[in-house]
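See the structures that follow.
The same subunit A turns up in both complexes below, where it pairs with subunit B and then with subunit C.
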Partner chain A sequence: MESKKPPPSALVDNHVVPGDVILDLADMTNQTIKLGAGLRQDYDTIQATSAGRLRLSKPNKYWVESSQKRYIPSVEDTVLGIVVDTKPDNFLVDIKGPNFAFLPVLSFEGGTRRNIPKFEIGTLIYARVVKANSIMNPELSCMDASGKAAEFGQLKNGYMFDTSTGLSRMLLSSPTCPLLEALGKKLSFEIAVGLNGRVWVNAPSPSNVIVVSTAIIRSESYTQIQQKSMVENLLVKLS
Partner chain B sequence: MAATAMEHDGGVEVVTPGELLGTSSSFVAGHGAYADGRSVRASVTGHRRIVPPSPDSPDKRSTVEVVGHKAHGAVPQPGSVVIARVTKVMARVASADIMCVDSKAVKEKFTGMIRQQDVRATEIDKVDMYQSYRPGDIVRALVLSLGDARAYYLSTAKNELGVVSAQSIAGGMLVPTSWTEMQCELTGQIEQRKVAKVE
Partner chain C sequence: MMDQRWRPTVNEREFIEQALQSDLRVDGRRPFDFRKLKIVFGREDGSAEVELGETRVMGYVTAQLVQPYKDRPSEGTLAIFTEFSPMADPAFEPGRPGEAAIELGRVIDRGLRESRAVDMESLCVVAGKHVWSLRVDLHILDNGGNLIDAANIAALAALSTFRRPECTVGGEDGQQVTVHDPEVRDPLPLTIHHLPIAVTFAYFGDGNIMVIDPTYKEEAVMGGRMTATINSNGDVCSIQKAGGEGVMSSVIMQCLRIASVKAADITSKIKSKVEDYTTTKALQKVKRTPALVPKKVHVPDVAMKESTGALENQASKTSNDVQQISKGDDDQQNMKRNLPLTGDRTVKHKQTSTCIGGPSNWDPYSKGVSLSSLRISQLPDPPATVKDNKQEDVELMLTESNPEVKSTSNSGAAGETDEAQESRTPKSLKDAVKPKHKRKKKQHGKS
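Right, the complex of A and B next:
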């Protein structure tokens, strides 16, 4: 039997609030629809449970993209965590989620029982979420899928600040957002962005660090054109 | 010396801790009683009951015991099958509150632990606790041992052991479809559990 493509919801890329009906399943048969964050099936309808923009990834994956201070851990996210405790088998890491995450002491490239890293409380770590569900503490790893270190691990020096999750996603979007592109043309700095709403900036001179951080914090909900003009104004004042 | 007044099979007479039940020459101390030199006394509050000696035992004395105290409600023993409700699921172990032992309800709460290696019989190192139990599931388990001070060790590593009843994320009842999957009756979503094969 030929399966038709499900007609996309009329609300895709629009703002939705909790309770909005995204799809009515009564007139669809034999189709698979994947629901991501912020959506719930209520008998024959799909309803939004959080406020944000409805997104569709063809052919059939829907989710609600919202921006908030709190982070809900999800697998394969890269996050910036702060070590809060060390246990024999795990580091306890705060990733701004509902509970602390576990970072196994062996989840580092070439990690064995003999060369366990010694992280103090307060160490900033760039890691990847490996396991995340609603009942257990999330699990992190400082290796990529093939076992290499790949930039994960401790971030030394620099300056870390909090942002909303929406701003983190905007900074990580590809092609590179105009904000970072314009800053990168004039200033030298390195940056690590965590999808949990944390950003780390490091640069040879403190003034570069301050300019970059201020520009990022100010660009919450700026459009691309506004970002470019804001950065240009900032850099003019510098020179 | 046989004391005739005390030898009715009872349940009517209430005894309190320390009360004299008989002499150790005529009675053996059973549940809730202890021998103190030449006398047998009660150690808990309850009703006194006398059990006649079994015909093939060399000791011809009756056993006196004190019944009705909650310490004599059902108590999990190694080898008994219990019904428990899962309270917490963690990476390597799940906690559960034991509610019934061998189809008798318990009078006080017992805690059980199901370790990762006791969830099922095959591929025990690849067990994912999140795909075996969720908080709120009702499971049938076997008591492995008395465990530590905090919890009994339970096992579901048999076909007839595992989740018997569970609720789905949407709030409906889950109906078993295989030994690893259950389906929500409201939304049709499939959820993973270690399911018990109920005859």
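Right, the complex of A and C next:
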């Protein structure tokens, strides 16, 4: 390992399009660079294969963050799915991906053949992606890794709407995004965000739900400051 | 095979109904509010794209000379074709139109045909042999709910801006029809008596809650729907209620009342957009004709009259008669200038409208030279000073105006100075008249 750290790519935190050369490896030796989504090694260069922002996690992890309406399932993502069919062994769940996902009937906390949950078509489920590759249908689970329920399962009442994958990631970012913080100061609501571009909002009064959902939908391309001011304007208008 | 249709969740269904109990809709509208309406016209006459919230529909009108139907030999025909493109909604299949597509086409067709909104008899060219057949194509670009209303507005907007070629009947037997090229003779608009506006209502929860202009999600969870086509006079052109929840007759009457209010509102929106479009088109036409187009004829009238009048005052030798003659000649001269333009109907219309185009090419007074600046120069100074001032003003003018205009305004300015000089010492009526002709000739020569 060289004592000198590899210089980070000049394009970090910039927008890239497929074909952009991120790094030239010709002048680097004996270094490990980890590539995440949207990047590919092409002989001596690292090129982007999807459009989005290039991100770097020190010291050497690169990936491209892109935002789409469709979702490509990847393992350990938490998603919101809609039950479209029930089979003897699993539920068929729509997670906005290329295929329907399977949710085994036993993947619930304390699940046995005796107490299989009864989900009707159209039920909203908060689940975790366990298996995902391009060949098979993805598999979900309503338990966390240790077998506990951990908030997974059916979501009752409330209202669900679609967003882009980028917006869901923004809502889940920590520290809490200014949008949710500003809304949370004035209104009481609970929210479940799926990385597949679905958001569920619940509140004691329907008007709160509508305010929160409209605010989130509108903030699709807003920066942090814009989000805050948009929410403030919205709340002022209502009070 | 995967069915890509969007499915509502149980949660949404319950929530939408629950929110409607308190008169709240998911997108923040009130129950009887339409979404934002936007109408954009295409480059060609007769094409319009309508955005009603997220729903987008494009309408396109074409016409063809055909043989009329045997039972209506002196009427044109109107046909509506709909295309539900799969890009609008994953549930739309390419190929044969589904039930919804046919229903939409029928409702719009009935609204236009039964109410005789478009005058069919004016489309007749030779009775029994040649009539115009109108074809309205409606393409659904994005299904955000309430396709019928949006498609209806698109059809109306397209029909209002459509122009059919002018044709004359001639020949030995009076049966030969010549269709004129639009460049040769202006195409004619259709005669539209009124605009039938479709207003769709969606019913929820036992038929006692209704909303106007349902969105995609509301349509998926509604119990039933009714479309009423009404014009701004309050005439009901058609009503469509195909299945769904039953509603009481009192509810239907209330819906019709609400629909007539909404129809008046939408009619005014469509009319103002169509008017904006036709005036922009007329403006474009005017700009294309060669340089001698006055855009604000009445202003140069006044400026010229008064300025030449002022100049007349300055010259001590002028008499009242000469003044009046020169004023009269101003009028005459302007009239003469107008002659080459009277053939073009659209320019006349332009002159009466309040649209302001750029400064006219030929008039040295249209820009820069204000009456007050001229008047100040008219203070008791010898005529030479006046001329100098005027020349300065004119030169200022030249530097301000466009380079392409410079030549014509130069000639105009030169003509003016000549005229001023000559008018200051008029000897007879002829002398007073001559300079105008001279100037006109100079103009023609330069342009």
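Please note the rule applied: the second predicted complex is superposed on the first by the 234 of 239 C-alpha atoms of A that agree within 3 Å, B and C clash if a C-alpha of one lies under 4 Å from a C-alpha of the other, contacts with A are read in each partner's own complex, and residues count from 1 in each chain.
As a convention for this text, a contact is a pair of C-beta atoms (placed from the backbone, for glycine too) under 8 Å apart; a residue touches a chain by one contact, two chains touch by 3 or more.
If you're wondering where the values come from, they're calculated on a predicted model, not measured in any experiment.
Peer 1: Looking at the overlay, does A:Y43 come into contact with subunit B only (first), subunit C only (second), both, or neither?
Peer 2: Only subunit B; A:Y43 stays clear of subunit C.
Peer 1: Is A:L106 contacted by the first partner subunit B, the second partner subunit C, both or neither?
Peer 2: neither
Peer 1: Looking at subunit A, does subunit B or subunit C touch a larger number of its residues?
Peer 2: C
Peer 1: Taking the superposition on A as described, I'd like to know which of subunit B and subunit C A:Y159 touches: first, second, both or neither.
Peer 2: second
Peer 1: Now for A:V21: first (subunit B), second (subunit C), both, or neither, which partner does it touch?
Peer 2: Touch partners of A:V21: none, neither subunit B nor subunit C.
Peer 1: Using the superposition on chain A described above, determine whether A:D94 touches subunit B (first), subunit C (second), both, or neither.
Peer 2: Touch partner of A:D94: subunit C, not subunit B.
Peer 1: Once the structures are superposed on A, label A:I135 by its partner contacts, choosing first (subunit B), second (subunit C), both or neither.
Peer 2: Touch status of A:I135: first partner only.
Peer 1: Between subunit B (first) and subunit C (second), which, if any, makes contact with A:T123: first, second, both or neither?
Peer 2: So A:T123 only meets subunit C here.
Peer 1: Mind sorting out which residues of subunit A both subunit B and subunit C touch, each in its own complex?
Peer 2: Shared contact residues on subunit A (touching subunit B in one complex, subunit C in the other): none at all.
Peer 1: Which stretch or stretches of subunit A touch subunit B in the complex?
Peer 2: Listed in rising order, the residues of subunit A that touch subunit B are 40-43, 102, 133, 135-137, 139.
Peer 1: Note which residues of subunit B are touching subunit A in the complex, please.
Peer 2: 89-91, 129-130, 134-135, 170, 186-187, 189
Peer 1: Given the complex with subunit A, which residues does subunit C contribute to the contact?
Peer 2: Residues of subunit C touching subunit A: 2, 7-15, 18-19, 22, 24-28.
Peer 1: Of all residues in subunit A, which touch subunit C in the complex?
Peer 2: 82, 84, 94, 99-100, 120-124, 155-160, 200, 206-207, 209-210, 213-214
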